[in-house]
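You will see two complexes here that share chain A, one where it goes with chain B and one where it goes with chain C.
Showing the complex of A and B:
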């Protein structure tokens, strides 16, 4: 009796989350795969099976490759900078700075607390080429006027800047939490051996923070790949699709163009892409990470 | 007797509930009349507190009509509104009334989402004839009228009179031809080194596809022939228009290659640009914000003046109860009366959709004081229906993307438009084939 109970009870406990996962994750993914094999749009109101045609069209479309490239550039640039800033701030703010420490912590974390829509609109004004504060200050350093969101080359960097400003506080908080857990005796020992601040950071802090870093990387990649709100609010993918990213492209197809087949094909490609990137990174990072201290 | 009547009403209510699950139909009121509640999606396509004006008009309507309650739902600007309508229709829960961007008409038709309004229009002799004909171009299909003009506009050219005076141009004469436009723009552009401190002319981004259509009309061409089901994105007239744009932006460098629809009115107000192509719908915003005298004029001509009309039309949806459709018509008829049309025009800067609205005393007073309000109306003589086709959102993205690339100087106007044409033919192949 007890053994049966023991065998069944874990599954019983899993049922609530299983139901939610099936309803909101597994079923939609499978159904996306199914719809992606159909032509289903305004001209074909009833889904018609077309095999991999949606994928063929997609991979043959230069715009898709531009969107994919924009997304990868966004991920590849924002994550390292966000992480570096978060880590440096966390290490500095973990030092004893007296009452200033909390003030700095609040200052660094505050962008994260602003609603995304408000932050995006704030930056639209800050970045306004004519009357925005950023160009105003840049001009006082003699930097020529930049058209930011109006410009094909500067629009994506401008969005990345906003994202970094908005997100690094969150990762800083996670790093701070990680830092609080590091054993003090190691630092004491290092001090006795005469190690300086930078030595300690390089030889103790960074290696011991590796598990936190894995978490930050994975969460960072997922949030970066999912960037939508900033693009939607600041540029709507423009000018000339230079800020169009995968999730926004999916939204355009599925909701604006009412092309459900293509929207689903894009979703499938997106899921595969994000899983692949995470798998590769986990492999790389896990090899160097030790979870016990 | 009384019990009988109640029973009958109960029966009827049940029928309605069965027929339209999810629709809120209220119980019999004291007089035995049922209150009809209507959902009304409306967008605000231009800057300014217009949502409040719409809400105010709806409240007035509700107060005058005890058995109809219109519930206004602000649905963002035009693109999100269409998206909400599309999703609601697909989900089997359409709004009763919506104001939708006029070029979405073929998409709504293809979805089978809306009803023709001819039977209602026939109840009011002379009603439809009062509307400006150019505004009805985007309402008609196969001899029937499906949409009623509401917030309608044409693009106009705004010019900063102070800037004109400053560079020795006559502040009262805006450019009337493309050549003059290019000439004036060069004189109005100010630079420190290579840095432009004031642009000569800004052709607003965001809806540059709509402004571009006007330029094509000014060259005597057309982008999409809806009734002939033909796409002409790479016609000689279109190429000529885009070449002129690229000349302004890349050749002479007197206009910014890219901008957004919402940010250019503040740019004009801040003196960042001396001339601005934008909707007439921002007139009231400019009036309340600019601290310099400015004017509004016809868009300059190439071989002719020309403009594509713009804005939103009322549509009534299919698959809602008959009494909702009837009530929806009552509302549309009420809010497009000459009095309401002129009130709405004055509050927003949109063109009053019917000619007789301009005969009203308050409208007369307004236009005597501010003749700019008449510019867009008079330009209607050179106005054409806006280009439209099914999946218009896609059509728009294709054209915008081609324009953006050419405006940046990345591809030649001809190549950009050839590519757009090709993509259009691929996207609309099933529509073009049914010709």
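Showing the complex of A and C:
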């Protein structure tokens, strides 16, 4: 016989978490949608219902499309490079390397431990056009001086470099964990069949790592869509909005211009975009996985 | 057919290369990834005039700690450190109360609506953190909590991720343990506290490390809910310091950057294995 106490205790234990989840995750999701249908800014201090007007203004603004494009370029470039570097490093580090292995692993992983804000400052210094280390070493290869963060075309790539340096070590570790779970017998069998190293990587390692890759892709998408700290500290969205990304644009609207209606509309667009990209990629990955297995 | 061992070096061998090449590749990559930090460290130990040299000097010719002394005169970095420690531990302590309770319920008890409720926790885990900053700012504002340390902690007190990890760990504890404990009169919360949590220690440590690193490095949320230096954390303090200095004094700026990263990096170097295992394990399960 279950007592009353036993029947209500599960809900009792869940209450602290549930109150917090509702207040800071679920209510905000609904409230973003609700506020996005209102005009609410410095000139209209009380929210006024305007339907989809915020969205109409947003989609009619060329700057929004510039920001959306910047964000998608950032995501589409950083994720494949980060993943490729992570995977290659993981495969190399999975070899017998003696005590040096640990040193290599630390060198690749330590950027995960430092704040994005600090990473931004390290790279602002490295990328300094006049006395920065990067321009100095490039000059010794005869590359002319690049203005990096002050140049329309180089600012976004410079931020992407910083992000790749900061993030690949974490994904490398996830791949290393995946590699260590792969069955050794398969490799032995493949060796007996005379398969070479690259064959084994293509036919055994990559297909078996597919679940890890799905995880890495999803986490990678969420992480890279959330890029803010780097932009805020390295370029403030400039020059000429060439590095302005969605979260920075939300920040500008909601917290610089105190335009909560527009900030919320942007938030809704932001979430829809992430979900769309994840869904499309999952479809693609699923198809690939079925073919290979 | 000749059999070949399944190693990368064997493949290199076939190409006429050897293990040395593998080490060389890794050494080059490691040097490149380590360079930014060492360069900043070196800059932070230099005199200002030694920064502007035509050839980069990796070893400071006149090493000095003066930049760190100046840093503390120019901005209250000691206070920022205290605030960061308070916020990070304030988040973790409450997470370690709310999460085990919820994880215990989902791992061990049967009740109506458990699937749906667990789903609610999972959605929070997948939620992009920056998607809720605008409404959460309005909530914190309405609660009158702007510019407090509490504001920086409150939204993170419930963690779907922690609940997910702990639930996995609790489920691995055999039923027999529970029955045995029950006979000894140990049930419910006491069973959770005395049996489940100690057995799930690796998971608790893994989650704790990840939580500390995550919130030590938080930026956007603390930036928008704080306004005065008295409550600011290290990352926000650094950002404000950079704006106030508007560039130029690179040795002091790098001293600030190094100071912000140092506590966690030292911890990481001392407890490398634990950190790496935790991030591997928790990442894989997540």
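Just so we're on the same page, the second predicted complex is superposed on the first by the 265 of 293 C-alpha atoms of A that agree within 3 Å, B and C clash if a C-alpha of one lies under 4 Å from a C-alpha of the other, contacts with A are read in each partner's own complex, and residues count from 1 in each chain.
The rule is short, and it goes like this: a contact is a pair of C-beta atoms (placed from the backbone, for glycine too) under 8 Å apart; a residue touches a chain by one contact, two chains touch by 3 or more.
Being a predicted model, the structure only gives us computed values, none of them experimental.
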If you stack the two complexes on chain A, which partner ends up touching A:42: first (chain B), second (chain C), both, or neither?
-> first
Which of the two partners, first being chain B and second being chain C, lies in contact with A:151: first, second, both, or neither?
-> first
Per-residue contact with chain A, leading partner among chain C and chain B | C
Kindly classify A:131 by the partners it touches after superposition: chain B alone (first), chain C alone (second), both, or neither?
-> both
Pick one for A:20: touches chain B only (first), chain C only (second), both, or neither.
-> second
Just chain B (first), just chain C (second), both, or neither: which does A:116 touch?
-> second
Given the touch rule stated above, what does A:255 touch, chain B (first), chain C (second), both, or neither?
-> both
If you stack the two complexes on chain A, which partner ends up touching A:185: first (chain B), second (chain C), both, or neither?
-> neither
Set intersection of chain A contacts, chain C complex versus chain B complex = 128, 131, 255
Considering the complex alone, what residue numbers of chain A touch chain C?
-> 7, 9-11, 13-14, 16-21, 23-29, 31-32, 35, 89, 91-93, 95-97, 100, 102-118, 121-123, 125-126, 128, 131, 133, 136, 165, 169-170, 173-174, 176-178, 181, 184, 187-188, 190-198, 200, 212, 215, 218-219, 222, 225-226, 228-229, 232-233, 247, 250-251, 254-255, 260, 263-264, 267, 270-271, 274
Touching chain B in the complex, chain A uses residues 41-45, 63, 124, 128-131, 144-145, 147, 149-152, 235-236, 238-241, 252, 255-259
In the complex, the residues of chain B that touch chain A are 79, 82-83, 86-87, 90, 107, 110-111, 193-196, 205-206, 256-260, 263, 266-267, 270, 272, 390-391, 393-394, 397, 400-401, 404-405, 407-408, 410, 430-431
Enumerate the contact residues on chain C facing chain A in the complex.
-> 1-11, 14, 22-23, 25-27, 29-31, 33-37, 39-40, 43, 51-52, 55-56, 97-99, 101-102, 104-105, 109, 111, 114, 117, 120-121, 123-124, 126-139, 154-155, 157-158, 160, 163, 188, 213, 216-217, 219-220, 223-224, 234-235, 238-239, 242, 250, 253-254, 256-257, 260-261, 264-265, 268-269, 272, 275-276, 279-281, 283-284, 286
